[in-house]
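Here subunit A shows up in two complexes: once beside subunit B, once beside subunit C.
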Partner chain A sequence: MNGVIQSSKMKIAMLALAVLLLAVCMALSVVFGYTNTSWKSAVAAFTDFNGSNQHLIIRNARLPRALIGAAVGISLALAGVLLQAVTRNPIASTDIFGLNAGAGFFIVMAVSFFHISSLQQFTWIAFLGAAVSALTVYILGSSGRGGLTPVKMTLAGAVIAAMFASLTQGMLVANQKALEEVLFWLAGSIQGRKLEFLYPVLPYLLIAWAGSMLMFRQLNTFLLGEDVARSLGQRTLLFKILAGLLIVLLAGGSVAVAGPISFIGIVVPHFARYLIGNDHRWVIPFSAIFGGILLIVADIGARYIVLPEEVPVGVMTALIGTPFFIHIARKGSFK
Partner chain B sequence: MSKYITARSKRYSYLIEKKAMLTILILLLVTLAIMSVSIGIGELYITPLEVIQSLTGMGNGINDVVIQEFRLPRILIAVIAGASLSLAGAILQGVIRNPLASPDMLGITSGAGFAAVTFITVFSNQSNNLTVSIGYLPVAAVTGAFIMGTVVYLLAWKRGISPVRLILIGVGLMAAAQALTTLMIVLGPIYAAPQATIWLTGSVYATNWKDVYSLLPWFLVLAPLLFTLTRKLNVQELGDDVAASLGHSVNKNRFILLLISTALAGSAVAFTGAIGFVGLIGPHIARRLVGSSFGALLPVSGFLGAIIVLLADLAGRTLFSPLEVPAGVFTAAIGAPYFIYLLSKNHG
Partner chain C sequence: MSILQTESLTLSYGKKPVIQDLDLSIPKGEITVLIGSNGCGKSTLLRSMARLMAPETGAILLNGKNIAKRSTKEVAKELAILPQGPVAPEGLTVLQLVKQGRYPYQSWLKQWSAKDEEAVTRALKATNMLEFAERNVDSLSGGQRQRAWIAMTLAQGTETILLDEPTTYLDMTHQIEILDLLFELNSREKRTIVMVLHDLNLACRYAHHLVAIQNHSVAAQGCPEDIMNEKLVSDVFHMPCKIIEDPLFGTPMCIPYGKGRIAKNGLPTAQYA
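The block that comes next holds the complex of A and B.
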């Protein structure tokens, strides 16, 4: 499939534009919010810090929020790209496949039963949860007659997601005290997250970003079909394991920081492919930047939609993403 | 002697195998047995004999209060809601002709859930009491279920209905409805949050007689109505073409049946929350027991749904005592693997 933009020069220009747009969105995210702050005071908060309330909000709340939003958006979008390529399923994404719900369940379980509160441990538990649900869905989706089909995998994922969500809620009911702390987190939110939440996860995310970029050739080959890829000399099993690992790092890391945020991973890769075609050399960087932009824009919207309350950004992305999902589900020819 | 028992008039036909009657009788007894055990078990243990004594007006004071004020309404709601959800699932599986169809997977219960949470949030006052009669709650939930069902159906329509597309669209809209429900809870008053969470997972916790009296009429109208339509259901399952050639107005019948299904699911969700997967498992086991003719399938599904929710509630109250785990957790933990089993068996 060719995209709207075909020449390489245009693509580079577009990518540069997208990076610029991401930077602008992050700046907007720092300046706009419930507490009125001006561009001037936003700059002054870093160059000429005076300890005022405005400056504190900008440095301690808004900036971390923008950075975390960008990191999580990039990660979720890349996880979506990888998952859609590996499963050759246009409606694959970490939330539909239950990875986010699995990571969320493991974290809530760790908090309720083992009283774990260290961020480092959180990260590992989220990875574990994402890995367990990914493996479950993959194994269940490929068992039975007909092997691995996109539809089967999607339905298996949706049900695993529903199961983990239900188990999580059951645990919260049993542990009322934890409920209020995690309710907002469970809906997917980047509000009130300090940079300390991001630090333990960031190295893994960076590795996964770099890994995704380096895999573009293998992804392109794999898209030709597993048999073709194998006859071209690709070690498909190794490829799938590596891609799976990256997906787990991306999804688990995102959930550990921001809770399960849905639909970024499904919408963004489609938009990127529409724009620049199927070549993963471009799909990966474009999706990454668009993912960051989408999450930050959704987060800014989440601050304003029902002033003075804040809406969890996961709610916003779900509402933005559902029409896309339905469009994609209708487009596919399901028998 | 005929294998079947029939009741026929010009417009109405009900056919049931005699063998199935025995199954139904056994299930009825099992349901009653679980009910009386379940009424007895709890913080205060009451023997089944004492339960029967109390129910027939020969019990002692404390037992009477515990049983009649607390446990009986809860058990009755579990039975009615379980039967409603299971019947709703049986209809959907017949009309859509796909074993994976259920009120949960089509987003119908999430739609009902969103409507009910909105209703509770809008009409609650500071002290957490409803400002309008609870009798309107099922109306809101049924409306939500119906709107959701209609939207899913319309969006899945593309030169006809494909069951898989229907479920995929259902899954997508389910996510949207859940997001909106989360929004209502987060924006709503904080004191309502724990209650809403219990409710969303699906639980018969703290139901009272008012709830029973609000839910019962729905069931008493819808279930008998459904039984008069068994012939239409049987014909629907043969496929649109066959049904049309037999002189049935396929679309009208489908619409009526879906309406009953959403109303059953919606009214149950209004009082118990989304106890998941009951509408999937109940009809399936029923099919195994008595085959796919709806004359027997419907009552058997109903009883099995009631039994599933009763057992889930019993497990939730006793396994982790003194903690109470919502019944929906157990039905999801069993139902999700079962769904995937069906998926790998049926889907090529």
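The block that comes next holds the complex of A and C.
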């Protein structure tokens, strides 16, 4: 499981550096944007709040956006790590397997038919959508000859993702009012999200982060193949159910806050493995931090690419992620 | 004495029965080889003995206790199976693979110990893989790779080791190398070994106990010299053959009839008697 960086000391140093980089990116995200603000006014907004427009933007728009960006980036990357390990499929991720689209569809349905607007309900509906997609893909992928194979599962995922995306579009065409409410959200965005969006989801995300970290040994063993893992005494069914639950929490929670954002979940784990190897003791924390960094950097980019307008960050991650994805699909890994 | 037993065991895939009502005893401290034609259920039987497949009816007893009723981690300390053609994740080193053999001995509370380290080193030594410890498994030759996997099962520290076709896809040299390694493990450490092999001659050479599977059940079992004969091969494999004594080992050797070219000293009757 050797990557570019081999010694444990170097890995710890790199991880500390990555955490620092994440903090810097979050700070940059607070300071830079369409409305000109300086480092000084950013600090003053918290230490010496004067109610000015600048201070309000920093406190009510930029800071929540940085925090949400980090939380969603971390969650999507971890969901990717878990899904790639559980399916033993290098091109698995919650967007390719339709989990994000499923959560998105359920939310759009809830908005247009049931006029649900409570954030708590949003969260549960997103979990439900992600779980329904995950189960459908799993059942479709394991039916027929040969059981669950990576190819069948990817195909099933692509079908489910396309189906939920089409259903969502169809529903929006029929319901113009809902369209306005959810369009920007649907493209995947962390703009204009208040911290109140994050609060109902955060406990679940925190549980899922902690759960992912605790699972590193089980993940390493499961990667040897299901038969070998069972031979070594792993309860693989229990492991798959637990990992599946964590994936649903991570993907559903991310979608509830930020809409379906793609490519973080597939690209980040590969990059982490390239750097530090296959051992999930390291892959999990590194992917989490890199996921946060990538989403925040993409979000900052989204503010500047077509000034004065903003593009949804989902478009940015797609722009950054597509070349990587093609590379990974061709080579089977980042290298 | 038997270490592993099946009791009126029935295995099936969906509605199709594979093994029916089988009582089989695996002798302790010996090498048992399962033979049989493709799809006869010998691999399925081996997998079920390692609890990788649940019986339809009946039970598997390991040291007299039903494995289905025991904690899978406890079973993993007494019995290991190496499935057919295992694939290591890309970039995994031999050392990391072998360390996985210690999985059943670890938990969140019990981390890596000196005993684990010792078991890993011993497994690497026994398989002559010490010098390859830092190499990636996917960069090794077929024989070395199989030795790395065997090292992992050895690190598991079990009395019984099951192997599903451990020599498949290996050239002749590496087949002998793997079987010699298993033979030594058995004679030196008295480990019980059960494996599926396709090569009848190698099966007869290495097995103390040979089990021929046919028609959902055991067609014959025992010492190869006692049970191997032309009728058995014809029954189990539907292949006419001549059994002679291996000029080196004295074990039974099976020479199939067929088409083929007949050389100067060959028998004219060789082409389908």
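Observations
Convention: the second predicted complex is superposed on the first by the 330 of 335 C-alpha atoms of A that agree within 3 Å, B and C clash if a C-alpha of one lies under 4 Å from a C-alpha of the other, contacts with A are read in each partner's own complex, and residues count from 1 in each chain.
Basically, contacts are C-beta pairs under 8 Å (C-beta built on N, C-alpha and C of every residue); 3 or more make two chains touch, one makes a residue touch a chain.
These numbers come from a predicted model, not from an experiment.
After overlaying the two complexes on the shared chain, residue contacts for A:231 are found with subunit C alone; subunit B is out of touch. Within the superposed three-chain arrangement, the count of touched residues of subunit A is higher for B, of the candidates subunit B and subunit C.
By the touch criterion stated above, A:159 is placed in contact with subunit B alone, subunit C being left untouched. When the two structures are aligned on the shared chain, A:279 is found in touch with subunit C, with no touch to subunit B.
Judged by the touch definition given at the top, the superposed model places A:11 against neither subunit B nor subunit C.
In the superposition on chain A, A:193 contacts neither subunit B nor subunit C.
In the superposed model, A:65 lies in contact with neither subunit B nor subunit C. Using the contact criterion defined above for the overlaid structures, shared-chain residue A:223 touches subunit C, although it does not reach subunit B. In the three-chain superposition model, subunit A touches both subunit B and subunit C at residues 332. Looking at the complex, you find that subunit B touches subunit A at residues 100, 104-105, 155-156, 158, 162, 164-165, 167-169, 171-173, 175-176, 178-180, 182-183, 185-187, 190, 193-194, 197-198, 200-203, 276, 320, 323-326, 328-329, 332-333, 335-337, 339-340, 343-345, 347-348. Residues 47, 50-52, 71-77, 80-83, 86-93, 96-97, 100-101, 103-104, 106, 108, 136, 153, 156 of subunit C are the ones touching subunit A in the complex.
Residues 91, 95-96, 140, 143-146, 149, 151-152, 154-156, 158-160, 162-163, 166-167, 169-170, 172-174, 176, 179-180, 183-184, 186-187, 262-263, 306, 309, 311-312, 314-315, 318-319, 321-322, 325-326, 329-330, 332, 334-335 of subunit A touch subunit B in their complex. Against subunit C, the residues of subunit A that register as touching in their complex are 1-3, 88, 214, 217, 220-221, 223-225, 227-228, 230-235, 273, 277-279, 332-333.
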